[in-house]
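In this document, chain identifiers A, B, C and D correspond to the written order of the chains, with residue numbering beginning at 1 in each.
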Amino acid sequence: MIIDRQARIVEKKNWGRYFLFRLKSPEIARSSQPGQFLMIKVSETTSPLLRRPLSLHYRSNQEVEIFFQATGMGTELLSKKKAGETLDILGPLGRGFSLNKEFKGKEVFCVGGGRGIAPLFFLAKELQLLGARPTIFYGGKTSGDLPLRSKLEEAGLEIKISTDDGSTGFRGLVTSLVENELQSQKPAFVYACGPEAMMKKLSEICLKNELSAEFSLESIMGCGIGACWGCVRPFRKNGEIHYLKVCQDGPVFHSREIVWMGE
Amino acid sequence: MTMVDLSVDLGFIKLKNPVLAASGTFGYGLEFKPFFNLDMIGGFVVKGLYFNPREGNPPPRLVETPSGLINSVGLQGIGVEAFCREILPQLDQLDTAIIANVCGEEEEEYARVAEYLGRFKGLDALELNISCPNVREGGKCPAQDAEATYRTVRKVKQVASLPIITKLSPNVTDIVSVALAAEEAGSEGISLVNTFLAMAIELKTRKPKLGNILGGLSGPAIKPIALRMVWQVAQAVKIPVIGLGGIFTAEDALEFMVAGAAAVQVGTANFIDPEACLKIIEGMKKWAEENGINRLSEITGSLKI
Amino acid sequence: MTMVDLSVDLGFIKLKNPVLAASGTFGYGLEFKPFFNLDMIGGFVVKGLYFNPREGNPPPRLVETPSGLINSVGLQGIGVEAFCREILPQLDQLDTAIIANVCGEEEEEYARVAEYLGRFKGLDALELNISCPNVREGGKCPAQDAEATYRTVRKVKQVASLPIITKLSPNVTDIVSVALAAEEAGSEGISLVNTFLAMAIELKTRKPKLGNILGGLSGPAIKPIALRMVWQVAQAVKIPVIGLGGIFTAEDALEFMVAGAAAVQVGTANFIDPEACLKIIEGMKKWAEENGINRLSEITGSLKI
Amino acid sequence: MIIDRQARIVEKKNWGRYFLFRLKSPEIARSSQPGQFLMIKVSETTSPLLRRPLSLHYRSNQEVEIFFQATGMGTELLSKKKAGETLDILGPLGRGFSLNKEFKGKEVFCVGGGRGIAPLFFLAKELQLLGARPTIFYGGKTSGDLPLRSKLEEAGLEIKISTDDGSTGFRGLVTSLVENELQSQKPAFVYACGPEAMMKKLSEICLKNELSAEFSLESIMGCGIGACWGCVRPFRKNGEIHYLKVCQDGPVFHSREIVWMGE
């Protein structure tokens, strides 16, 4: 875990409510794994008080990328930062996606809804390095919610698009798109990140199709480093239900452990 | 420039500097090892301990508020046995004060936990957490009543081999009377404040934002109230007072000392900056140097009225 | 879209909407005339009135804190006679609820002020300020004690011709018991909270930042505690509850209503934005429209547990 | 009193810790008087909570200017705003300097210490319009504290400079410079703004020399509009001492009314 108080914003991109920052932070870049996240200071004052958790969207040798949606005061303030300014970031944090060498040559699905696409780019690139064949399912409400489409395509990734309103790609939920695809092929593994309802539905589909899956979960985080016990959710462990820390035991969990909200 | 003496003698314990990490905000201490050498801080108070392991309150457990944080963690923890077996031996390696935060469902349990902890080496003192708003119905706790405070402290004193710091609740009409009760019952020190009983509502669903409905407010938002209480208590008691509540900067910490605190605790700030304690110590040292103060402990209670 | 009915019937007074400006933060009302038509808001509570004019506390009287404000104005004011002679006739022109905030050094004075105000036309209710921390030594006030609250309200009820709203202090262990005492003594309504007793220190000089040493904390910092108290009180009493403490936005106001408030007051927000009340009303109306709520008063106490 | 929520920063200048903003705000510009001030929102969050009072440094037909020193969190945040962004401002507020027609053709002194120069530029320009002959005494700790020197000179104003360290102009306090000048000429009136100690000293000098003077005072302000009673200071009125509101009864007061701190 490294605190980089001077991570410079090297590049900033913006599409509507979505933002991508490329940050210079060699040490954090070096030790990052897909599925891990950063805690980012968004204000110099005491309001908003807490850092904000954002997934690692990508890392290169010297740099890390974050991709986020401005939804509330914190991400709003963050989105106003300009290239050249610096951020105070803490990371890499948490347990990321498991990268199994046996996936080599095999098909794997990466399913992302909205801003949930953030960790999947880094993941898919690593899966490619491993020799696996990732397909990214990228769903959004409408075509404006798919800003990373061309970036994914340019990276030579196999992608399938859905929008709720059909403005582009498959019309319907990204989970339906996955179900369709499952008619023709079964992947070796499923990774996902997105809204709770989407992931819950996907986990049911995986269960029915006897697919192993990992999900990156969200939770309100006080510290991100396992010190506050604030981020817990219930999980199944050895037949019992326990509260585990999303920041430390996750944010990525295996589908069979997860107790979905409203269950 | 002469070296500033940052050490503080609380009578029952000597600290190398007056900055302790507050209970529940510093895990069992080990969580902060990746960030700095734990020997650099005055000490830390570990997460609240009940006798048995506890699952804590249902999530969501945190709400961010203007300059504040409400938590309803509800003392999830591993219990006193696992703590003494798995954690304490590791803490014993450290050259800094280690204080255990003692909890209980009723008076009996406080005494049991305190007695048990006394059997092991590695601890320098016990902090009696009679002020957690996250456990009993409606946020009630012994520290809201002078008599209950007296009884609980007394009972613990009878079995405890370690010095006792009683941690007070700010959710009271008259903080001084509770502090005096703790002193009279034999407490070696007083720490204040714990969190303020608070609530948040999600308008969209019209539901409480916390799984436990109520929680405890901490952070800079509460500092002005905590500082007032520390000042009032420090004037009334003879035992040392440890001040906390919203300390985020060296200036904050120094203000608590000027108000009468012999030492301070840093809580919520550890979440935002894992190096908060360290930075606060550095800032206090710098301030002392700039102001020609050789022994930092001199400023305790130096408020000019 | 149908028109949303924003009106609120408190029993003793009908408000065209649930937003009142809080005492001490809206002057005598006239100060806000340059900003908007005062008839637009539900009403306002004028600055605290003692029988005689008062100079108030020595400056400095304000300290800004994280998301909060400490004040020690100490009820500087023109006294009840000048108010009735010079201000009230102007307020009587307005088509909005006018509430006087009644103060007293002792129980007698509350009654005298209340009785005097009852002789004039223009007022819709009296708010008994038994909770100001800025007047007595150490910030004490009658609202910190259920019995003193009962006695004060009772005494005022005997002479008052206007309905009484009793304003509670948050500086208590058990807010519900004080609220019940006020209700039992015949108060027609309850408002809460007044400010939290607080303090700030200027490190450079090691002096209190306020001329009066102690002051009252208000603003967003206190909202989570105030909301909790409003929820607790609203469940316990039968008379209408007016909620306040850190309300800055329409969402804040709506949360207080969901917690059980029949109406709300806006205090410190008026300083930062003189149009705060107006904007909050507009925001509440918009929210009701978007959520298909025809009568805003329906949401009072609709918290789902 | 006008709330202009969209006063655009047309120009921003910066010298060390000192900043000058030119703001487009036609309505406020139109009704402003020298010595009046604005209440400026410095944050979109609740921290810092209060608006900050800043004097009107100048106004033209469509625009107003503020000149300030970044001293704490609020002015620091304000100083980071960029040209093109907008401010939420409230004003013009308070009672400004009295502009007496009888000053026509007469010498008047305007004495400013540090950032206290802010309201004196507007004042001196208005005095010129009136036909008076203003001399500005502009004092600072060191030459870096006199950023407006060339602006004042270019505006054709008579100015006299002092620095505590003698790095430029007269070496010593600006009040000593005024005392020196009084040896050769007595002005019809003295206006001043600056640190409390400077103004107190100046008021003694004025008393001794039987000069009428007005001072612009500072005080922590909750509202700026007379609603909070927070900004009071003690003043002499009809032989008695009363608390008056700096925001409404001032910020400009006649020297004979003022009770100086520590008196």
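Please note the rule applied: a residue touches a chain if its C-beta (ideal position, glycine included) is under 8 Å from a C-beta of that chain, and two chains touch if they have at least 3 such contacts.
In this text, all values refer to a predicted model and were calculated from it rather than measured experimentally.
Using the contact threshold fixed earlier, the set of chains in contact with both chain A and chain C is B, D.
If each chain is reduced to the centroid of its CA atoms, chain A and chain B end up 36 Å from each other.
The mean-CA centres of chain B and chain D are about 47 angstrom from one another, to the nearest whole unit. Note: centroid distance chain B to chain C, computed from Cα atoms, is 34 Å.
Of all residues in chain C, those touching 2 or more other chains are 63, 65-68, 219-221, listed in ascending order. Looking at chain A, residues 45-48 sit in touch with two or more other chains. Viewed as a contact network, the protein chains are fully connected, with every chain touching every other. Within the complex formed with chain C, the chain B residues making contact are 63, 65-68, 70, 138, 144-145, 171-174, 196-201, 203, 205-208, 213-214, 217, 219-225, 227-228, 231-232, 246, 251, 254-255, 258-259, 287, 299, 302-305.
The touching residues of chain A, when paired with chain D in their complex, are 43-48, 73, 77. Taken together, the chain A residues at the contact with chain C in this complex read 45-47. Of all residues in chain B, those touching chain D in their complex are 66-67, 220.
If you check the complex, the residues on chain A that touch chain B are 1, 3, 41, 46-51, 90, 219-223, 225-234, 242-243.
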